[in-house]
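Down below is the structure, laid out as structure tokens.
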Amino acid sequence: MSHILKKRTQKMGLPPGSLIHIGREPIESVHISLIEYDTTSCVSYDRVSVKTCIELLKKPTITWINVRGTHDAQIIAEFGKNLNLHPLMLEDIMNTGQRSKLDDYKSTIFIVLRMLKYSVNYKYMIEDEQISIILGDTFVISFTEDREELFQSVIDRLHVAGSGIRRRGADFLCYCLVDSIVDNYYYILERVDEQIDHLENEMSTGSSKIILQKIQNKKKEITGLKKAIWPLREVINRFLRSESDLVKNSTKAYVQDVYDHTIQIIDSIESFRDISASLLDIYMSTMSQRMNEVMKVLTIVSTLFVPLTFIASIYGMNFKNMPELETQNGYYVILTVMGCIATGMILYFKKKRWL
Amino acid sequence: MSHILKKRTQKMGLPPGSLIHIGREPIESVHISLIEYDTTSCVSYDRVSVKTCIELLKKPTITWINVRGTHDAQIIAEFGKNLNLHPLMLEDIMNTGQRSKLDDYKSTIFIVLRMLKYSVNYKYMIEDEQISIILGDTFVISFTEDREELFQSVIDRLHVAGSGIRRRGADFLCYCLVDSIVDNYYYILERVDEQIDHLENEMSTGSSKIILQKIQNKKKEITGLKKAIWPLREVINRFLRSESDLVKNSTKAYVQDVYDHTIQIIDSIESFRDISASLLDIYMSTMSQRMNEVMKVLTIVSTLFVPLTFIASIYGMNFKNMPELETQNGYYVILTVMGCIATGMILYFKKKRWL
Amino acid sequence: MSHILKKRTQKMGLPPGSLIHIGREPIESVHISLIEYDTTSCVSYDRVSVKTCIELLKKPTITWINVRGTHDAQIIAEFGKNLNLHPLMLEDIMNTGQRSKLDDYKSTIFIVLRMLKYSVNYKYMIEDEQISIILGDTFVISFTEDREELFQSVIDRLHVAGSGIRRRGADFLCYCLVDSIVDNYYYILERVDEQIDHLENEMSTGSSKIILQKIQNKKKEITGLKKAIWPLREVINRFLRSESDLVKNSTKAYVQDVYDHTIQIIDSIESFRDISASLLDIYMSTMSQRMNEVMKVLTIVSTLFVPLTFIASIYGMNFKNMPELETQNGYYVILTVMGCIATGMILYFKKKRWL
Amino acid sequence: MSHILKKRTQKMGLPPGSLIHIGREPIESVHISLIEYDTTSCVSYDRVSVKTCIELLKKPTITWINVRGTHDAQIIAEFGKNLNLHPLMLEDIMNTGQRSKLDDYKSTIFIVLRMLKYSVNYKYMIEDEQISIILGDTFVISFTEDREELFQSVIDRLHVAGSGIRRRGADFLCYCLVDSIVDNYYYILERVDEQIDHLENEMSTGSSKIILQKIQNKKKEITGLKKAIWPLREVINRFLRSESDLVKNSTKAYVQDVYDHTIQIIDSIESFRDISASLLDIYMSTMSQRMNEVMKVLTIVSTLFVPLTFIASIYGMNFKNMPELETQNGYYVILTVMGCIATGMILYFKKKRWL
Amino acid sequence: MSHILKKRTQKMGLPPGSLIHIGREPIESVHISLIEYDTTSCVSYDRVSVKTCIELLKKPTITWINVRGTHDAQIIAEFGKNLNLHPLMLEDIMNTGQRSKLDDYKSTIFIVLRMLKYSVNYKYMIEDEQISIILGDTFVISFTEDREELFQSVIDRLHVAGSGIRRRGADFLCYCLVDSIVDNYYYILERVDEQIDHLENEMSTGSSKIILQKIQNKKKEITGLKKAIWPLREVINRFLRSESDLVKNSTKAYVQDVYDHTIQIIDSIESFRDISASLLDIYMSTMSQRMNEVMKVLTIVSTLFVPLTFIASIYGMNFKNMPELETQNGYYVILTVMGCIATGMILYFKKKRWL
């Protein structure tokens, strides 16, 4: 989320549907796993080829193909050709800077979502990863950018015999994937909440140039979160209102639940925006208050001595005829006068509540 | 309302409908009370079991079950099984960080609202508690997080023979519960109104670092209030526009009344936001004005003496040949000159209105 | 308008439709007047009882009952019983903190509006008063909080034989009442406009702590005005789009006219908000500009003398061997040097445009 | 546009449709001109009476009556009686503080627009004038507040034989009038654009109290422009979507063109608002930057001399036993020390980049 | 994009449909090129006359006429006459300050878009150019303001035998042109993103008056971008929802893709606005923080020496009877006292964390 935009200009001038990977540099080869299940059985296949996938898809069981890595145009193209997917859908899978969206291509529903996670390399930096999900009548294909397994909890539930997910169709599996991505947003938001709290504490104790930086970064981060999560609302809503046969009514009650969560997350981001916007104000006023305090005391100190120094310099003049200088107690009288002036000024400052 | 989000991450990865309690740590056991009434009679039962509840529900009278405490998954599950409630509804009852909402499950209507109250432990801190209400054809089940009885006024009215509430159905009882929650918002808002007034008075008299803190807290509090109350509008509106048979038309006129109150409450919160937003501006300008005043007077004082001290230091020089020093009245002449300069400067400052 | 909310908490826990007066302490007894008119005649009755009203309502002429004072629950209840009014309508009449609204109760239309007026006791303070209007097929009943006659102009027009109002029905009378309330808003807005102008003039001439207070008060006042007037738009719109038989089409052209005025009033309030929001900015920048000017001149003055005083103090040192001190013209040379330095600095300041 | 509202209170309490002139004091008598044209001929009549107008209207040709001056109630009333116009329409024509609007009175369409122009007396001050247009089946009547001819270009085109306007109906003439008013907005906006540019240049060079005033005025002016132009969008849109027989479909393509212009104008006003809002920020930061620069240099200068003066004053003390004073080179050593300290401080300041 | 508005006043008073060129001064003659293609062949013609174009249009192949330069009214008029185009369409082509829009003239669809590019003369200055596209059943005519070829990539793809674009109709060609314009926005936005990043870095290191200028320019640029790109959303949406036979359903899936890009671009601009708005805040707080630091250290230094200088000036007084002056170690005692005071003050400052 360091940049608002992913470099897309390398695609300029290419025909639509061109399979060019836009995104992070891939470091590993693409990893395809497959789970095939129905109420009675659940079988996992790991590191399978696209060919195997296509064959297993022909079985009447429900099949979930999880493709980790989207940089291999050939694999994407093979899926496209065999499953008769629209070229723009394939392009969107590879071009990983998409906005969250749901496209209904009659025979399949295509969902793009953005998974948020903290960067492995830079602590506190939120990265986002594109998750593309294709929902068919008896299959779900998910594409993630990185090799990391994001859906472990769903896999675990699939292997529990008799679990709700086993008794339901591909649309319910799709809902589970979406739900686990949305659940993950809560994790991120809780972290952000803690960091804002931490920042407020830091602000009220010490003050450094770094805090200004941190506030600005937090604001940018929340702007980025908003941009990533905001479109989700419409995606889930379209899933909910979908008239496609692919989404059963029994599943929609669950999607409504995810929708409620999404609204709650968006509410929270708005609150974060409000709070982070006021952080800078608070910081500025704390700073200026502290500065003013310093300046006030210091100015008072120097003001106190200015008239006294003036009196002393009067009697430092070398005039021949200065009768006070000749008196026996002149020195002590002047010291007393100075003391009175100083006391008077301090009392005046106190009365005026400047001290 | 200290944190924007309730910890929800413990639920990550669990299947939907998992009954995990999310909320304050429960300190007491769950307390179930039941009131069964019709036009002619009204009987209260206290500390009943779920089993008894289910049996009493079979009677043709209207039954209100008030469950205080939502941390016992077994009790919630028992209700769910016996009354055939949707698993997501049960999950929402236990997961007490829900946004206010109304879900229409054909045979029942499920309402989640947020009760606001001042914290018992921390004065001035607003806490919110989730109230879940299930409206059936002849019953209402309400779930509150704490043991405290929130609906005493409704109970009292139920025991008055011939009162309007006794002559009407379960939907009217449901309206009464919602109404008493909304009425409670007025109480909170009046307190907030008083506190803002108090803050304004404090600001115009003294000034301390604590005021800055207080303003910030008040802003956060109002942001929190808005977040809690805003969804209410939609909930009541859906109640009002409900096409369910469970809500009679005669009740809707009353719901319209609650709706008007909700709009008024939201209006007030918007006004509070406006006012609290300007509080910081006012504070900052008051501060800078006061600071400027101090600085101005002090700077004037020191400026006044600088030229005079310069003159005195001239005649403090030890040059051999300084004719003025030898004159008889040099000292007095110089003192007079200094007096003139000082008077002149004061007059100039006065004319320029700097003093 | 000193407080955002009227105390409503005394109503907490009471059943809906409870006739509890919420509002200003009533100082006089309720005053009911009645005008009965048709194209040919117009008869006024003053200080009539509810009983008389009910009897006169049975005549085929159009009847306007004006009830001044809403604190007597018995009178309100009597009207309610005889005219078969909904309990919530009666509650709203007495509970004088309602938001402007229009409720269509089939046989009657119930309108609540807020009259704005300057406080008699505190100059410049805007108070608002609730006006409730019940429109029936041949009658209009209006309820005002205070004894003051607000509709004198309408009464006068009713007594003019052949005037438009005499030839039309109860709905036109109702429109006239609403129109006179909206017309009154123009009066208030013109006063606010003048006061803002006055404030701007004051700001550009002098400056006092009181101006800050005044700006803040003006902002609050405009926030209050917005809150009071904003709902009016919807009320008039619902009047306009009403499908009730009570509102004739010929009257709607006039209601459209009031609607246009309402939009214009809301536009003006938005402009006032913009202007009052920038008042504080302008005040702050004027203040800081003036302060900077003072500080600059004063700092320049003291800076001018610091190097000169330094030179003088050098020759005030008591070293044995300071050859300059022994020279004949050392003193004059040094004075000349000081003069040159001062002139140089002044020229430098002038060149840099700091002076 | 000096005041947000035109005085309207003189109308308070009058029945609707009262013909009271609200607006600028009229200085001349009303001037009515008439152009009667069809494809073959075009005849102008100047300074005609209402009677003549009514007679000429009976001819089958298209007639444009241009009434300059709206302060004569008798003339307006005469038109109203003869053409059977609604009393509220007549009231709106005379009451020249209307918001732009379009009312469809079946047999006629009534359009109110606001013409903007620079004041003749006060340079840079935008005045607005109400233009009322009545579109009938074969006639257009336009009312302008002032005697000035605003539609000269339309008149010129009417006199060109074979021009498009001559071949089309009254609705096209009406469109032409509206178009020439909207075109005029471009002129005003271009002037405002230039003035903002000018203001930015002024700000970057010098700075005066007047600039603050100018910025504030410009903001108010743009607020006023927005208020005047914003309703135009709806007016043109209603013209476009009008289902009246008075507006032909062929004309609507042209109205769409005006609509596009209106949107573009509103876009520009929004941009102006953005820019003018940031002007004050920029001014404030420029000011504070310049002030800081002055203060910094001056403070550095005085700080430089404070330690030096201290050293000098040490050796100005009159202690008997101060060995340094007796040495041969003490004076020179001290001068050297002072030089070193001054140089050191300057270097330190330079290093810290304060100088 | 230096000015918000293009000079349009030269058109005031002219009849609608007048072909007056508004825009940059043309420096070259109009250049017309033509590509005629179907699945089997693709032929290019360069520098053709309008006459040739019209003749080639009669062939059944798909024809793309690219007119570079819109300042020659005769050429535009010739196209208009031959293809029976609406006069307002021709006017819009020449009047190059149009807002992006799509007009459906039954037999043709007329699209106006704004191409953004960096100025050749002034680095970093974004210029915009109007692209007008006329889509007919078998032809597309595009008009660009400058001679520069903007659609080279589309031309290249057209010349590839068997490419998708060759197999589809004129609507797909039209989509390709729109797509290449939208793709170009990504390029601009990536540049703006980089520049904002660069600005943030510059701000955190040094500070100059120019940065203030740069921030302001960036804000204005983003305001300009928003104004240019915002209407695009509606244009593409109308293209998408078009019910014209000219746009085939198969093409609409591709238009949906452009629509998604447009939404993403608008999202990014909103983010840029947020970030650039906070840039000024950050700059101001960085500035004031740095200034405060300078002032603080300097004030502390001068405060430190004020009391010391006062003490020294006491003993510089010339009183006869000052016993301390006569003592043997008075001088050393006083120096020690001064040292202690200085140390004490420094420790106090350190404790208070002012140093």
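As written, the chains take the letters A, B, C, D and E, and residue 1 is the first residue of each chain.
We take it that a residue touches a chain if its C-beta (ideal position, glycine included) is under 8 Å from a C-beta of that chain, and two chains touch if they have at least 3 such contacts.
Source: prediction; values computed, not measured.
**Q** Expressed in ° and rounded to a multiple of 5, what is the rotation angle of the C-alpha superposition of chain B on chain E?
**A** So the copies are related by a turn of 145 degrees.
**Q** For the two copies chain B and chain A, is the contact made of the same residues on each side, with over half of the numbers shared, or of different residues?
**A** Here the answer is different, because the shared fraction of interface numbers falls below one half.
**Q** What is the distance in Å between the mean C-alpha positions of chain A and chain C?
**A** 42
**Q** Using mean CA coordinates as chain centres, what's the chain C-chain D distance in Å?
**A** 26
**Q** Would you please write down the residue numbers of chain D that are in contact with two or more other chains?
**A** 288, 295, 299, 302, 306, 309, 313, 316-318, 322
**Q** Using the touch definition up top, name the residues of chain E that touch chain A in the complex.
**A** It comes out as residues 152-153, 156-157, 163-165, 176, 179-180, 183-184, 186-187, 189-190, 193, 197, 204, 253-254, 256-257, 260, 263-264, 267-268, 270-272, 274-275, 278, 281-282, 285-286, 288-289, 292, 295-296, 299-300, 302-303, 306-307, 309-310, 313-314, 316-322, 352, 354.
**Q** Sort out for me which residues of chain A touch chain E in the complex.
**A** 3-5, 7-9, 11-17, 86, 88, 91-92, 97-99, 101, 103, 209, 212-213, 216, 219-220, 223-224, 227, 230-231, 280, 283-284, 287-288, 291, 294-295, 298-299, 301-302, 305-306, 308-309, 312-313, 315-318, 322, 324-331, 334-335
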